[in-house]
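To keep things simple, chains are lettered A, B, C and D as they appear, and every chain counts its residues starting from 1.
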Amino acid sequence: MMRVGVLTGGGDCPGLNAVIRAVVRKGVEMHGWEVYGFRDGWRGPLTGQGMWLSPDDVEGILTRGGTILGSSRTNPYSDDGGADAIKRVLSDKGLDALIAIGGEDTLGVAKRLNDDGVKVVGVPKTIDNDLGATDYTFGFDTAVHIATEAIDRLHTTAESHHRALVVEVMGRHAGWIALHSGLAGGASVILVPERPFSVDKVVGWVERRFEREYAPIIVVAEGALPEGGAAVLQSGEKDAFGHVRLGGVGIWLADEIASRTGKESRAVVLGHTQRGGTPTAYDRVLATRFGLHAVDAVADGDFGVMVALRGTDIVRVKLAEATAELKTVPLDRYKEAEVFFG
Amino acid sequence: MMRVGVLTGGGDCPGLNAVIRAVVRKGVEMHGWEVYGFRDGWRGPLTGQGMWLSPDDVEGILTRGGTILGSSRTNPYSDDGGADAIKRVLSDKGLDALIAIGGEDTLGVAKRLNDDGVKVVGVPKTIDNDLGATDYTFGFDTAVHIATEAIDRLHTTAESHHRALVVEVMGRHAGWIALHSGLAGGASVILVPERPFSVDKVVGWVERRFEREYAPIIVVAEGALPEGGAAVLQSGEKDAFGHVRLGGVGIWLADEIASRTGKESRAVVLGHTQRGGTPTAYDRVLATRFGLHAVDAVADGDFGVMVALRGTDIVRVKLAEATAELKTVPLDRYKEAEVFFG
Amino acid sequence: MMRVGVLTGGGDCPGLNAVIRAVVRKGVEMHGWEVYGFRDGWRGPLTGQGMWLSPDDVEGILTRGGTILGSSRTNPYSDDGGADAIKRVLSDKGLDALIAIGGEDTLGVAKRLNDDGVKVVGVPKTIDNDLGATDYTFGFDTAVHIATEAIDRLHTTAESHHRALVVEVMGRHAGWIALHSGLAGGASVILVPERPFSVDKVVGWVERRFEREYAPIIVVAEGALPEGGAAVLQSGEKDAFGHVRLGGVGIWLADEIASRTGKESRAVVLGHTQRGGTPTAYDRVLATRFGLHAVDAVADGDFGVMVALRGTDIVRVKLAEATAELKTVPLDRYKEAEVFFG
Amino acid sequence: MMRVGVLTGGGDCPGLNAVIRAVVRKGVEMHGWEVYGFRDGWRGPLTGQGMWLSPDDVEGILTRGGTILGSSRTNPYSDDGGADAIKRVLSDKGLDALIAIGGEDTLGVAKRLNDDGVKVVGVPKTIDNDLGATDYTFGFDTAVHIATEAIDRLHTTAESHHRALVVEVMGRHAGWIALHSGLAGGASVILVPERPFSVDKVVGWVERRFEREYAPIIVVAEGALPEGGAAVLQSGEKDAFGHVRLGGVGIWLADEIASRTGKESRAVVLGHTQRGGTPTAYDRVLATRFGLHAVDAVADGDFGVMVALRGTDIVRVKLAEATAELKTVPLDRYKEAEVFFG
């Protein structure tokens, strides 16, 4: 009988619980394993905190957002001896292997630990869809769904008041959420971090939209920046006077549009609502399949890998490959969307 | 045969189109009237802009947010001669009466116009539910629904990260949206404009919630203020350095909680998403019934009145009564909710 | 210190858990009571099965449909000695009073038990909105919301295929769900149990709708019947050959429309989906307030009463009054809706 | 300047309007084409009925289910001379090419027409996800989303009443909707047309679920059949006595479970609600990309092809390949799901 640990690291993401449930159901019921759930990301294996998980413990969690295990951004390699502490905890509990569910940081630690002799299988998680080795990760579809619902709602307000609305969505380094929710929501402009934008062009599209007697919705990823690198405060930063900002480029852009077009212009910042709550059916299926296939990898003794989606198949890729580079929006995908600008 | 004008004024609100549809369907199909839809609130009757509305024109609009007529905050009494201009337009188009759909401002104008000899029937509209003469107005249930869905989503994020989340909802002068969405969403604290709050007490509830091993959600109306009247910037204001704010008291409070409890604390500002999109079934029924009964009032020659909800009945009240005073959250309703604080 | 029992009887209904939570939170935290949750309706107090409920036990249930206590249609008065058995159980557990949440049957038992000396407070629950002593009960708004969402979806299918769609909704004796979801969903015909319908008229409305180049949606309560009393099998019945029926009058009517108009015509039966899942914000607030006020009634020693909604107030009415007669759709409410037929 | 026709055939499907919009926006605005929308599937090119489509005509349709062009199951090859009639209509209108959006039947006709010299590009559409040449088609994600929401709701009803609920979903020949919605909804049993099921085993899983003190949800595709080929009426069929059936195998199975386990057991048939209403964000993006790439194929003069999804890329496949064989649920995908049975 094997004993396997599981943890969730980094920002929360709808579908984490679906992975945990799949790992426990398949691990315990099909393989007869014992599964230990570590608390709060890598903090768990450092301190040993957690609990043994039975199928009853994961009953009803499939539909719940967040993670029953808690999360943190603790990095065991930021202190000396972190990896040794983890090995001691695993040994104390008799754990043979670890399933680590997380994004770039969590999987980077997973890779180093695996190199250091701990048997690890990774499961990719990122709202932002910016992990290169997999077509999609769970959480992304839910975030796009929530952003799209918000955009749907904002259209009627924009129309009724002949107003431009700027919607700032998540995405510091990759514009996937902006691209997909903008396409799905019928945005008049979509701005992504991968492509510095011309305020002149944005204003042109906005004016063209008003001329056609509709009201523009501009979807902007939080990491998008104007050409020339104007200093734009980001959401969460404090300005020189200690004022916290909610919303960065979205608010800046709404001001620019208002002053250049003379039209009322407002910003909406979706913020944390994009990452909470029940996952979409798509994400529940994907997360469940990731969990099942992570168990298969453990059962096969295939460590140092991450499960990934390729087409409709779940495959395994090396953890090294998984974290090698950020998957950004390619130019041709962005150009597809430009058809709808203005 | 009568000719009746209809207009929508003030901020947009889910259900406006349902009223328009009901007015047209009943006016045209049952009474054989002609119905003229004025553009952009009171600007329409001032300039004559609008269109005659047939049942086909209102087909499919029941489920759509916003208003097909457009809206504005134009006040005909802000210039000399506004009332006369409106009378001329009504006379030119042969309109016998006017149905004005709007909030306090729009209905205030409706009252003055009616006093000045124009036959007006009012239909109450306010997201904020702060009109005194009616149990509820359409738009409020939709706003509460949207805020509650957001709070539902935020719970899982708060739990996963052991974090306090402050949700700023609409309500400058009345806390109804905060009260209802806070109750429906299981908030740990609800703060309303009617009751200056003690930051100490809020911190106490937050800490008690963490001690019980849950994560607190604090729902705060945008108009709520701390005791003692600390200067809190409001959403939309510019600070001394020209930085526009998105979110006011919510952001201020998240900072206070973070610094006093040492716990991570974040703000979410729901903003315009609360007032857009398809109305709830409740609001569609209420708005439809308001529209039907406004037609009845016109048909009865009963002007200077507003339709209103009392229990399950639609009644008529004097426009004077309708705009007499703001309906704020009474103390006993707030105390009901306090059971769940902490 | 008091000890109070709570139970949920009859068909499940979104909002039951919100009542239970409010009773426990206010009873335990504000009054220091002990609250006992009986299992499966009146079966619980007959057998003693159940559990003491702490605030932790009701954490997170506000948003969940169904009832954590389970339900049944057990009637303690169907056997001799049922009331005595209940008194013994209450005495054994030291329970001073009982809060019974349920519909007509459950509240009827509550009334008899109260007459027999058990201290009972009732909380009304009915999806169908047919309890006379209260403006609304929780569960109804959720059922209408779900039915309306389904009707919204069906419109596009009807239009695309130039097809009539008949939607059978709940309501054996009262047509409230049909009336409200039909109004909210923009139905072309609404049929309710209170008014036997003329198939000729229905066909007339359907044909008029097609002539106007739209596709009709007919919303029919499961208890609606054609004039003249044609024998229409009801959903759930077995026909003479042992075939179970899903859908009754809806399927019958779709056949009639198809054969008389020559247009494709299909039925959809919403069934159990109308009563499950998370309650709307409206129902969560109402159910929560009912629970809080039921605790107040117990604290005041005011038994034999039921909490009820009147306008925006929660009041108390005698249990006798609560179950006196069925609240059906009055003629004037039905006539309101007829404006939209055809 | 090119002139291009577009049509939608077969059953309606959320996302059709998104394709039409993308074709018009890109065709007209980027290429300067004229786009003609044919009415009601292949009936349009046979009779010439339809209209020229401008960007304004497709404004606001992205979010709407169904098809603004209407649909039908007309097959031009069922009569002699159909293909010639179509060629005449295309020639009369000066149309250079045709974009045909539809499922197996529509694309089969598209292939024959292309072989007969008409320039056709196909866009795949099937709720059922059973077209072999593409990873997914639009409409499927929406159908799974709706079915999953229904299952989510039914769980609480099943639990509260200790009842088995059988949910019959679409899928006559392929079990994809059952598989995905069953996985996403946490079903206790999933039954698909590809695998005749043992009633004994189903009863075993149901009883195991009850023993674990939960209530089972059984998701069954309408085309699933018991081993041994028991005669099971299908939804929509008439039995020997002229009674129309709503629901087939689902109702049959609920009866079997009830009689064998002694537990209450009910069926729900989701029916047409699965194919109507606004598409999910996923389907809007996919449908939009299909539309854009169909325009590219026309612009490239690449006819006789269908656009298809492979991973995250849109590719072109021969129409012959597209309709070659049904994509059914493979054994390994079904076995993945079995982990959760019982």
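Everything below uses one rule, namely that a contact is a pair of C-beta atoms (placed from the backbone, for glycine too) under 8 Å apart; a residue touches a chain by one contact, two chains touch by 3 or more.
From a predicted model like this one, the values you see are computed outputs, not experimental measurements.
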item	value
Other chains in touch with both chain B and chain C	none
Shared chain contacts [chain C and chain D, defined touch]	none
Centroid comparison with chain B (C-alpha atoms), farthest chain	D
Gap in Å, rounded to a whole number, between the CA centres of chain B and chain A	34
Between chain A and chain C, centroid-to-centroid distance (C-alpha), Å	40
Centre distance in Å when chain A and chain D are each reduced to the mean of their C-alpha atoms	29
Of all residues in chain C, the ones touching two or more other chains	152, 278
Overall pattern in which the protein chains touch one another (line/ring/star/complete/other)	ring
Every chain pair meeting the contact rule	A-B, A-D, B-C, C-D
Touch list for chain D against partner chain A, complex	22, 25-26, 29-30, 55-56, 59-60, 62-63, 135-136, 141, 144-145, 147-148, 152, 180-181, 183-186, 212, 214, 278, 280-282, 284-285, 288-289, 292, 310-312, 336, 339-340
Contact set on chain B toward chain A in their complex	8, 11-12, 14, 16, 40, 64-67, 70-72, 146, 149-150, 152-157, 159-162, 165, 233, 239-241, 243-247, 251, 254-255, 266-273, 275-278
